[in-house]
C-alpha cells in the first residue's frame, strides 16, 4: 500500500444513529467553538504506519494566560496521559492535547513545549508547563522500533490545527491503530445539549477491544461476523482508547472530571470490557470556565453548571463516545503494515 | 396491596440472553461456593415498602479469622457503602455485606456488629469491626420517615441467609426500589468462567436510571415504550445501583478492585449514564484469597490469578451485571406505596 | 475510677507554641463562626469508657437546605467515615459530623437521621440523607462488647452542641482513646489566617501512634520518655485519628479536599507514620460556600478562594492539626478501664 | 561560576541524626541491592543550570522481562511522573526512572525508549513501554527556554548509572533546584529494617518549600534564620519534590503504594506544607517482587510482606525521606544562574 486508504462513510452516512440527541454541524469535536484539530500521518514503505493528532482547546496564547477547567478519569490505566496529575490538582488545562504512538509520547511532549515557548515569550521564565500527551500502542501495524514520529511531526500537527471538520479513521495518531480486531483510528462526534444550549464534542483514538465483544448500535455484531467466518486481525486485545471531551457549557473542574468518567460508559456500549492491557483514559475540558495565571486578588467568582444540571451533559457524552468509537471503525479501511500484517476494515453492517 | 407481588419471569425465562458465557446452576450469586443470601421484607399498610438484603461471603466465624480479598469501585458516589475505606486499605472483607434503604444503614451496621459479636467471642476485644452496608434511596415508594427497617430486621436477614437460589425483584432491600421509571429491586446473575474453571456471581440493588435510557439486550426499549405511550413512575432519576460481585477465582485485592470497576460497564449496557444523583458503587470479593487475622510471620505466600488472565473475569462481570440489572426490572411487578404512588412493572418485551 | 479525670492544661498553658500563626479566641474549632460541638461521655463501672462527639457545621435546617462545600482525604484508610463518598461526589456536607467508637457508628448514623428528620419536615420525603460519622477503636480501654453508646447518646451529643469552647481530652468520643501509648482523646485548635481574614479550626480524635515516635514541638519526646524508663500502655498501634477541619474562608469542594489532605502533615509532625492499622481520615468544610437544594436555574455563581491563595490555609491547617493532636495528649489524664488496663497521662514536658 | 560547587557535608557529617534506625553503608538508595544511580549535569555559561538523574531499579533486560512491584502516591499533584498510570494499573515498573527539569520530561521519556530498545530486541515489537520520568521546575536558576537537557544527556544518565554512592546536591537533576529558598537538589538516604532484614532507600529531588517553614531535626530553623537576618532566594514557593523509594523487602504493589504515601510524612517533618504549586509525587518499588512478561499459566504464586509487618518499612521511609530532604539542602552550596539570581547554600546549623 502506498498511501492510507481514503475514509469510508461514517455511521450516520450508513443510516446508523446512536442515541437520541442531535449532533452538531460537523458531528465532531470542532463543533465546540474554538476547538481545533490537526493531524500528521507517517506512512512510509511497508512498515511505518503511525502519526500524531493534536486537539487545541483554544488559542495557545489565550490558553496559557487563561487555562480552561479540566478533569480526567481512568477506567483502566494501562496507558499514559502526561499532564494528568497537574490538570487534576489545579483543575486546568493550559496546553494543546496530543495523541500519538506510545513510543512517541516524549516527542509530543517536547513539541508542545516548543510550541508554547514560541507562542508565549513569558512561558518558561519562572514557570514551566506540563503538556498533555496521550497514547495508544500501534506496534502491531507500525514498526515501532523505527520511531517514525518526530518532534517536528508533533509540532506540525499543532501548527496545522484548524476548526474544520477533521479527517477521521486512518489518519494522524489513528494511522496504525487496531480496534476490535479490525482497523481502528480516529473517531469524533458531537451533540447539541438543548437543556444548557451548549455543545459537547469528543475525539478519540480507538485501539481497544476484542472482536467477539463488538457491539454496533446494540447488536452483537462482532460475534455475528465471527459466526459468518470473518477473520479478524489479532488475538491479543492489548490496545487502548483515549478520549478527549470538550464542551462550551460552563463546567468546573470537578464537573469535567465527572464528565470524563462517563466516556467509559459510551465505550462499554460499543463492546469494551476495559481489558487488562487497555488504557481507557479520558480527559474533558470546558472552554468557558477559565482560570487566571495572574489573579488580581485572593478570591475569584465563577458561574458554572449547577450539579443537578449535569445529567444532560452526561447523557450527551455517553452517546457521543459510543458513536465516535463506532465511527473510528466504520471510517477506517483495510491497512497492511509491519511484517505484512493486515487489519481489515470492519465489514459495514 | 396487601403483600409484595410474586416474582415474574427472569430474562432467560423470556428467551432473552445477555452475553455469551453460560450462567451457573441458579444464575445467581450463590453459584459461587460458600456465598449466601438472606432477605427481610417490610411491607405494611399503604406506605411501608422497604427491607434489607444480606450477602454473606462465607461463614461469619471463618470470615472473621480469615478475611477474603476485596476491592471496590465508585462510578458515581451519590450513595454509601460503609466499610469501603478499610476494605480498600487492607484489601479485605471480614463481615457480611448488607443492602438496605438509605435511612437504615445505621441499623444494618448495628446488626452486623451484633451478629459478629455473637458468632465470634474474640471480636470487639481489642479489635472492632467495620461492617459493609450499602444503600439505595427508596423514599419514593416507602414512607421513609417511618423508618420501618429495624436492627432486628437486618439481623434476621443475616441469620436467614442460605445458599439457595435467592428471591429476586420486590424483596428485601429491593422492596421499594424504582429503576428506569419502573419497579426495580434485587437482581442477580452468574457466569461460568471456563478459562479459570471458576464462577463469577453478582447481586445488585437496582434503583437507578431514567426510562428513555433503558436498553434491553441492545434495544432502545425505554424510548420505544415511551413512543408507545407507556407512562412511567417518575421524572427525577435520583436513585442508585449497588453491585456486589463474588468469585471463587483467586483474585487478589487489586484484582477485585479492577473487577468491581467493570460493573459500571454492565450497567452502561443496560442504559445507565450514572446520573448526578446515582450511587453506582461496586464491591467485589474472592472467596479463595484469604488473609490471616493472626499471621504467623512477617511474610505470606499467595497464589492469585495472573494479571493477564483477568480478562475472562472482566468479560463475565460485564455480562452478569447487565443481566442482573435487567432481571431486577423483569422480575419485579407493579407496586403501589407511599402517597398512592405506583411504580409499574416493566412491560415484558 | 468513678468519673473521668478533669482536664489538664493545654499546650499553650504549658508554654508550648506550635507554629507561627495566632490561634483564635478559644483555640478550638468553634472559633469558626457557626460551628458547634457537643459531647456525651459514657463512663460506667470499671469498663465502660466511651462516648460520642458531634461537630455541627451549622444549624441543621440551614445545612439541609444550603449544604456546605466539603472535601475529604485518606492518609491511611483503616477506619470509617460514613458519608464520605457522597460528600466527595457532590462536594457537600449536609448533616452534623459525629465521632464515636467503631462499634457505635451505626447508632451515630441513626441518630443523625432522627435529628434531621425532627428538624426538617421535608427530609426523607423523596430525598434521604447520608450522615457523616467517623470512628476510632477504643476497645482497649472500653469493654466494647457492652456497646454502651446508644442512639439516644448520639442524639444528645447533637442536641447539646454549643458554640462555647469545647471540653477536650477525656470526654465524648475521646473518653476511651489511647494515643502514642498514653491517654488520648479530643483535641482542638484554631488559627487566624490573616491573608484571607479568615479562621481555620480543627477538632480531632486522637487514638493513633506509637510512643517511640511521639514528637513534641520537634523534640523526640517519646524516645526520651522511654529512655527515662516511662512505661506506656500498649504495644500494638492499631488506633486511628480522625480530623475535622472547618473554615469560613470561601473554599470550594476541591479546595476543601486539598485542605483535608494537609491534616496528615500536621499529624506527621507530631510523630505519626500512619500505621497499617490506623484510620487517618480527614474531612474539611467551608461555612461560606453553600449549595442550594432546589436550584433556581441550570447555573450557579460562586466566589471562592483562588487556587494560588490557598497556601495560607494549608499552613494554618498543618499547624492547627499538630497542636490539636498534641493537646489531646497533654489535656488527658490517666484512665483505667476494661480488664484493669491503664493508659497513663503523658508526663508533661 | 564556572562549575557546580563541590558538595558540602551531609547531615550525619554534621552530627545531625534523623530518626532512630541505622542507615545502610552509603546512606543512599544504592544500599538496596541492584539499584543504580546516574547523573548528567548541564552547567554552561551564566544561565544553564540543569541536568538529569537516572535511578535504575535493576538491569534493563531483567527489568523488562520481570518487572518489579511498584506503587505511587500524590500528596500534591502540581508536577509530573509519566508512567504512573500504567504502573498503578499493573502495579509494576519496567523501566529506569528519570528525574529532570519540567521542560525536559519528553526528552527523558525519549531516552528511556531508546535505552530499552537497545537493550531488549523484543521491546517495541507488539509491546511498547511507558517510561517513568519525574520532574521539578528549575526555571528560576536555569534559563529554561534554552532547553539545555538533550535526549543524549538523559541517555547518558542511564548508561552511566552505577551502584556506587551517588553524588548528591548540585548534580544531575538537582543542578538548578531551589528548596526552602536556598539551594536544593538531590538527596538520598537509607535505613536498615531489622524486623524484615531488609533495606529501604530513597532518592529525592528537592525543589519545594518556603524558608519560614524549614524544620531541621525538629527545630524551626528557617524562622530562626530569618530572625537572624538571613536573606533567602525567592518569595514564591512553586517548586516540587519527587521521591523515589526502593526496598528489597518483598512488598507487593499495594504495599508499595502505601509505602510511597509515607514519603509525604517525611517531607512534612522537614517543613513541607505541600504548597499549591508543589508536585509532591512519590513512587516506590520492591526489587524482590517480580512479575513475568510471559506468564506460564493463569495463576502466579508470590511471597510478600504481610500487611501487619509493613509498619517497620513505613517508619523507615518517613525517617529516610526526612533525612534525604535535609541532606539535599546541607550538601548543596550556593549557586548563581539565570538573570544573575543566586540561591544561597543553607547556613549549616
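Read from first to last, the chains carry the letters A, B, C and D; within each, the first residue is number 1.
One rule holds for everything that comes next: contacts are C-beta pairs under 8 Å (C-beta built on N, C-alpha and C of every residue); 3 or more make two chains touch, one makes a residue touch a chain.
Please read these numbers as outputs of a predicted model, since none were measured by experiment.
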_From the centre of subunit C, which other chain's Cα mean sits the farthest off?_
A
*asked:* Rounded to a whole Å, what is the gap between the Cα centroids of subunit A and subunit B?
replied: 34
*What whole-number Å value describes the gap between the mean CA coordinates of subunit B and subunit D?*
44
*asked:* For subunit B, give me the residues that contact two or more of the other chains.
replied: 76, 89-90, 258, 307-308
*Name the shape of the chain contact graph, picking from line, ring, star, complete and other.*
complete
*Can you check the complex and tell me which residues of subunit B touch subunit C?*
74, 76-86, 88-90, 101-103, 105-111, 113, 117, 123-131, 133, 135, 137, 139-140, 144-145, 147, 151, 236, 238, 279, 281
_Touch list for subunit B against partner subunit A, complex_ = 20, 75-76, 212-213, 215, 217-220, 223, 237, 258, 261-262, 264-269, 272-277, 307-308, 310-311, 314-315, 318
*What part of subunit A is in contact with subunit C in the complex they form?*
89-91, 195-196, 250, 253-254, 258, 291-292, 295, 297-309
